[in-house]
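Down below are the structures I want you to see.
Look at the two complexes coming up: subunit A is in both, with subunit B in one and subunit C in the other.
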Partner chain A sequence: MVDITDRARKLREVAYYPGCALEGSGNGYDVSTRAIAYELGLKLQDVKDWNCCGAMEVKNIDPKIQTYLSSRVLSQAVNATKNNVVMAPCNGCYHNLKKAEYDLAHDAASREVVSTLSSKAGHKTYEAGQAETIHALDWIKDTIGEEGLRKRTKGRLAGMKIANYYGCMYVRPRHIFPEKDKGPGSESTSKPHFMDDLLAASGAENVEFPLKTACCGGAHTLSDSDTSTKLVLNILQAAEASGAEVIATECPTCHSGLEMHQIRAEKRFGKKTTVKILYFTQLLGLALGIKPRKLGIQQNISNSLEFIHEKGLT
Partner chain B sequence: MKRAMITFAEIETRIDEIAELASPGSDPAGQTPLAQELLALGETVLENWIVARGETPTRETKEGFRLLALHRQGAKGDPSFNACRETARELVYHYNLVTLEPQHPDAAKRVRLAAMVAKHLALFVGGKLEVAGLGDFCCAAKPVRENESAGAQTQLARIHN
Partner chain C sequence: MPIHEKSLIRPENLRTHENLTIDGVDVSGHWSTFIESRVVTDYNEAMEDEIAALPGGEHIHRCWQCGSCTNSCTVNAIEPRFNPRYWIYLIRTGMESELLRDKDLIWQCVSCNKCTYACPRDVFPEGVMKATAHWLELKGHTPESPSTTFDKIFTDEIVQHGRIEDTKVLMKFLQKTKQPLLQDWLKQIAWNIGMRLPVKWGIKSAWSFVFHPKARRWSKARTAIQDYIIEKETEHKQALGLHKPKAANGNATQRKLHAAE
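Up next is the complex of A and B:
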């Protein structure tokens, strides 16, 4: 068993895989992740020459090609970046790298496809177990932890009521996350709590939110917008009914969906909600005393700056 | 006795009415029947899904709840249906909160939250009946074109060569 101190030391320098969303619509997540890493003295090594993880589109047409694409990212981390811990803040990327790891460990046909395509592409074939994929939540939890955050943030988020929304891909399907559901200290796939823990350590008051992992209809935003809008509206209304002022997110797809459908729900159904939507890294950054602009909060679609000012966090 | 099928629109309307009935300040003692009705509406949602698949909804229970047994039946052979597994469990959890502590000062709030959970279940399952792919595309990790595997194999063979 690895000692917690050894693990914390190991994760202080990770291979960082931002993925495409964090370079586009979710750029505030990237900016705030880098800002808190700097503030906390953690080092991010960008995975050299990274590629798409296969996202949802490739996976749904040919899952083995997605396995290959994700395996190349892992290969680049291990062989080109020389780091065998890959930190992916995007739930989609995190999920896909985990799925590739699972497929390569359990499916000979996937191994064959990955081997063939890696040879053709001219890079080393990634083999299961060579790297560990972690989420940004694991990264902060295992390096700084609640106690470290408590000391550094001095309860700056006190008085802020937060609903933590994890979305689906952080926890489903359960079999690709073997490290979860291992009892005290581990993450839960049915009632995830890592984000709650970190924000509570920063002084926030987490509300009892019953839709933490509920479907937001994210992938149907364009093809069936009304279904997505209704699902998101219910999540927003449930957060408000729970007493939350803010929904904390840890996935760029969820985050964009909540923001966009918050606007659409008002236009399409006349249902206005006022709950703010911020990445957990932006909230941790505020708790660490970083200015909102350095956390990319102005890049979010919904405007939270006035709220942040009212809370005395600017 | 066989019950008449209730539409999703009717279910959603009734859930909204229940949330209204559990307004802040309402009598905690009056919340238990509302929680029971929400649980029953959740079962109706899942029954609709199972009937639409051409099956007979189970009368069995799982962990003491028919809702959970119905969810398990509905998810059989369709992993994407697990996207509402936790929603079903949250509904049971809130039902327990209300019925096990009927005098709790937060009883009405608990019913309002249970109503939103029940509504999410109705929206997800109703959405899935309209667009079968709901939940397939993301967390279920299920290939949308799994029935076209022969085509995918051809594509792979082309890449291999």
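Up next is the complex of A and C:
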């Protein structure tokens, strides 16, 4: 067993890679991540001169360019902090950095392309193992943990029924997440639970939600909107059928996909759903007693302010 | 390699006759529907190798047709004709004309990787779907799909600036695919956001239009990636036996990527 306190101490200061989505449509996620970091006394050191991780789209043009883009981010992150841990709240970024790490460790052709492009671009070539990539969920789980949250939140989320939605990129494909599926205490790729654990520790009641890792169709949110709307509607309806009042998200693409297609499902298919959609960092922030405005909740597309007020969390 | 799915008998291969007597037996009407027999003579033996030469298609030869990919597939659940296992079968046996019947479906893969998770043979079916969609476009069997258009606009933005500004990509995509900017649901979204942050949102969008978010010290990376894309495109075309059109005015890829603008 790793010494938890050492790990917690190590992660109190991490390199922070927000990525493009958190600067644009997913800004509420960025604002709430920074707000809870401040509240919890955790230090975020922004990665300097970062670039896009390559998202899904670059991979479709050529996977090795995506590996290069992500490895440039990693090379910028190395030395951003003493411990070389980079935290990415966006599932897409997190997934791509992990994938680059895996490819650089296992595939000579990827290493070659990355080293050629890095030297042409005039920066150090990132080598596998120089940095560790973690998700915002790992970050809170390993620093503050459930015990810490239990003490600090005083069960403020009591009586809130939450469906935890993780999406695809946090768990699939399995081989790029060697630390997952390692038995008790580790994250599961078939039934992830880190977000459930953190919210439960803050008093929330997690519902049994079968579509935790279903796909929201984010890749085709604009290019094949009807497919995305159907997939999202399925998730929203399943959450409501499970008795959830809120869907907790941990990815800006999933989050805005759910919000956009909730509206689109109503406009195009006449299917109205009323379940609220909030980032888990916004929920944790509320549990820590932070004001909704400081958590960017007004920047979300769907309006949850009244609901939060009714729950006595303002 | 068996084919199990009933849906593989296509409506156009079913024959019923209003009035038909064979050897004195009346076989008219619905009760004696025939399935047209099929003779395949035009196998495309190069198809598997060509798709394997494109990114994502590398491991197609490992498939043992268990069907786990189709079984777990997100798109298959809402569109039963979306069938990765079957397509892999067609590609490996070289049945091009049968594959082409589904050419307008293949690009719809949402890259959820449920198939990759389920596949016992590490075929990476998600990659095979992308390689196949790419192959269909390169061979001219399908026009550029909306998904590819989006990928190109997005990639071009990153190559140019190192970063993405999502409203800008959205606008470019809607323009390129000739969709109205003011669709009911997009209006509703803008309204929802605008209602709560009218001033800040307006300023922010205007700001990022004028000052595009950029990664600093990006120009060398830009050139390096552009060169690499050209090199790869040539390689793919060669693998597919396509002639590269003479690069009359220099840089074919840049033109192609810019055509997305």
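Here are some notes:
Criterion: the second predicted complex is superposed on the first by the 307 of 314 C-alpha atoms of A that agree within 3 Å, B and C clash if a C-alpha of one lies under 4 Å from a C-alpha of the other, contacts with A are read in each partner's own complex, and residues count from 1 in each chain.
As a working rule, a residue touches a chain if its C-beta (ideal position, glycine included) is under 8 Å from a C-beta of that chain, and two chains touch if they have at least 3 such contacts.
These numbers were taken from a predicted model, which means no experiment stands behind them.
With the C-alpha superposition on subunit A as described, subunit C and subunit B clash in the combined arrangement. Contacts of A:D49 after superposition: subunit C is touched, whereas subunit B is not reached. Once chain A of one complex is fitted onto chain A of the other, the partner contacts of A:A241 are limited to subunit B, with no touch recorded for subunit C. When the two structures are aligned on the shared chain, A:L211 is found in touch with subunit B, with no touch to subunit C.
Subunit A is touched at more residues by one of its partners, and among subunit B and subunit C that partner is C. Of the two partner chains placed by superposition, A:P178 touches none, neither subunit B nor subunit C. Contacts of A:R268 after superposition: subunit C is touched, whereas subunit B is not reached. Look at A:G289: by the touch rule set out above, it reaches neither subunit B nor subunit C. With both structures placed on the common chain, the touch criterion links A:L231 to subunit B and to subunit C.
Within the superposed three-chain model, A:G155 lies out of touch with both subunit B and subunit C [touch as defined at top]. Contacts of A:N60 after superposition: both subunit B and subunit C are touched. Looking at subunit A, you'll find residues 56, 60-65, 113, 116-117, 120, 168, 172-173, 214-215, 217-220, 223-224, 227, 230-231 touch subunit B in one structure and subunit C in the other.
Partner subunit C is touched in their complex by these residues of subunit A: 20-21, 23-25, 49-52, 54-58, 60-65, 68-69, 72, 113, 116-117, 120-122, 168, 172-174, 189, 214-215, 217-220, 222-224, 227-228, 230-231, 259-260, 263-264, 267-268, 298-299, 301-303. By the touch criterion given at the top, residues 55-56, 74-75, 78-79, 108, 110-114, 116-117, 124, 130, 134, 145-152, 154-155, 158, 162-167, 170, 173-174, 177, 184-185, 188-189, 192-193, 196-197, 208, 213, 215-218, 220-221, 223-225, 227-229, 232 of subunit C touch subunit A in their complex.
On the side of subunit B, the complex with subunit A involves touching residues 79, 82-84, 86-87, 89-90, 93-94, 109, 112-114, 116-117, 119-120, 123-124, 127, 130-131, 133-145, 152, 155-156, 159-160. Put simply, subunit A touches subunit B in their complex at residues 56, 59-65, 92, 95, 99, 113, 116-117, 120, 168-169, 171-173, 176, 190-191, 208, 210-215, 217-220, 223-224, 227, 230-231, 234-235, 237-238, 241-242, 253.
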